[in-house]
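First the structure, then my questions, so here it is.
Chain IDs A, B, C and D follow the sequence of writing; residue 1 opens each chain.
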Amino acid sequence: MPEHVYIRHESQVEVPFYDIDPMNIVWHGNYIKYMERARCAMLEELGYNYPTMQEHGHGWPIVKLDCKYIRPATFGQIIQIECAIVEFESCLKIRYILRDLVSRTKLTLAHTTQVAVRLDNGEMQFQTPDSFQQAIRGSNLFMPLKLQ
Amino acid sequence: MPEHVYIRHESQVEVPFYDIDPMNIVWHGNYIKYMERARCAMLEELGYNYPTMQEHGHGWPIVKLDCKYIRPATFGQIIQIECAIVEFESCLKIRYILRDLVSRTKLTLAHTTQVAVRLDNGEMQFQTPDSFQQAIRGSNLFMPLKLQ
Amino acid sequence: MPEHVYIRHESQVEVPFYDIDPMNIVWHGNYIKYMERARCAMLEELGYNYPTMQEHGHGWPIVKLDCKYIRPATFGQIIQIECAIVEFESCLKIRYILRDLVSRTKLTLAHTTQVAVRLDNGEMQFQTPDSFQQAIRGSNLFMPLKLQ
Amino acid sequence: MPEHVYIRHESQVEVPFYDIDPMNIVWHGNYIKYMERARCAMLEELGYNYPTMQEHGHGWPIVKLDCKYIRPATFGQIIQIECAIVEFESCLKIRYILRDLVSRTKLTLAHTTQVAVRLDNGEMQFQTPDSFQQAIRGSNLFMPLKLQ
């Protein structure tokens, strides 16, 4: 079954010199940073950024991560990052498609999964907080899943 | 089918201050660095490190990565990293188990997959180089797969 | 004697989450990255970026660096970086003033010095290349030093 | 007047692949990390590490940093770091000499200055805490300044 996209968001990063390795390409671990920037930009637009998460009493650690590296990026390249929220009720699962801005060639496909953890007792939550679900459903970017 | 382990190697890293995030835990992207250090230490022991790869005319980019974060690590903690080569003929696939050195608690499980790419023409190889396979099979750490 | 500013350039960075340390401020080493981004943006505008440097046969390693940290920056803050070239004939010396974008409060003062090194023989040059000096003097941002 | 060395400490780092830039040398900002590792190892030996600093109610931000890069380091090189405390009463000022372990060639010279800041009110202290000065003076590594 294909993933349903609830929220879609686009942003860009320009590859800095210090992210390039001796093969003249972005060192693979640095894409994790680009994905975090894109995720934070999306959460900012949803009005539920990291400070908001803390105000509501939760941390949201990453519990899973996968990346498929298709083509390498290099210094100065502009990468467009499409973030898509594909699960938001049990956890926050995001799919990332990184493309070269100009040619639209796919560079990297990735997913991250985050869970809410109560800051007062460290307990992992099996449902995301109501405040978060309301932020998602109330967003004008929200695309509900229509069942037949 | 469980993964067969051809080579097993152990190493340690101590978590530095600059890897810690505002939640007082290692930022999730930093584990990729610990895994690379462990991988390089294992390849060094096999006599086939990154410079050797280049001398044989290949780059070995990471094409896939997955991580499962179980428990967070924090400043000063000693992490033991068990690297296991689970595929070396079509590609180099490594499994990583990161544990707290003292309690042996599992912190992170991960895999990386690398393929050989010819440096002269950029072509991806569907078999790893003979020199690499010989280095693996000739190692005193090699545990061959026994078929019934 | 105060520094003469030959070229002035402004750019901005937004502090990402992964640059924040357990004290909830930017880890001090990360400002070096912001300075490099600002420097690259300025060199891009001067038409003499890192690839141009290489085409002209030189690397330009940093040989000196100093930073004075006045106030810390934190997650999401927009930092304005004023880059000023204060020497370009014997070396490339740049002064950086990092300010909070909104309040204009100074956060960090810094300098970097780079020298040209010939890529063919590794020799350090005591004059910057003609092509570089021409790029500086020919820029519409150039402010010549007027002697009394 | 030459700097008086109150405490001297040595440690080593091995340059990891992910710290190397396209010129095949350590990217200059990464030395800041090596210096922090060396500083933390020294403070650990003095029994006054970062957690101890916090227990005594202080943060110790870096307020000044300078580096002189003499020779570049590259992948796999072992760097020996000599840390020397050259001031500990008004602030914590440390001098770093980074050398190639084998040839003893100097690679980088640097200084950092840290001040104590009270965590309860954010006030910068013009004297380091008594507990810190006692840790320094009580260490068997302490070399007092002898006045003629």
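In this section, a contact is a pair of C-beta atoms (placed from the backbone, for glycine too) under 8 Å apart; a residue touches a chain by one contact, two chains touch by 3 or more.
In this text the structure is predicted, and so the values were computed from the model without any measurement.
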| item | value |
| --- | --- |
| Chain whose mean Cα position lies farthest from chain A | D |
| Intercentroid distance (Cα basis), chain C paired with chain A, Å | 31 |
| Distance from the mean Cα position of chain D to that of chain A, given in whole angstrom | 37 |
| Centroid spacing, where centroids are CA-atom means, of chain A and chain B in whole angstrom | 25 |
| In chain C, residues with contacts to at least two other chains | 17-18, 29, 33, 36, 75 |
| Touch-based graph of the chains, sorted into line, ring, star, complete or other | complete |
| Of chain B, residues touching chain A in the complex | 23, 25, 28-29, 32-33, 36, 59, 61-69, 72 |
| List of chain B residues in touch with chain C within their complex | 17-18, 20-22, 24, 27, 29, 75 |
| Residues of chain C that touch chain A when the two form their complex | 16-18, 33, 36-37, 40, 44, 49-51, 75-76 |
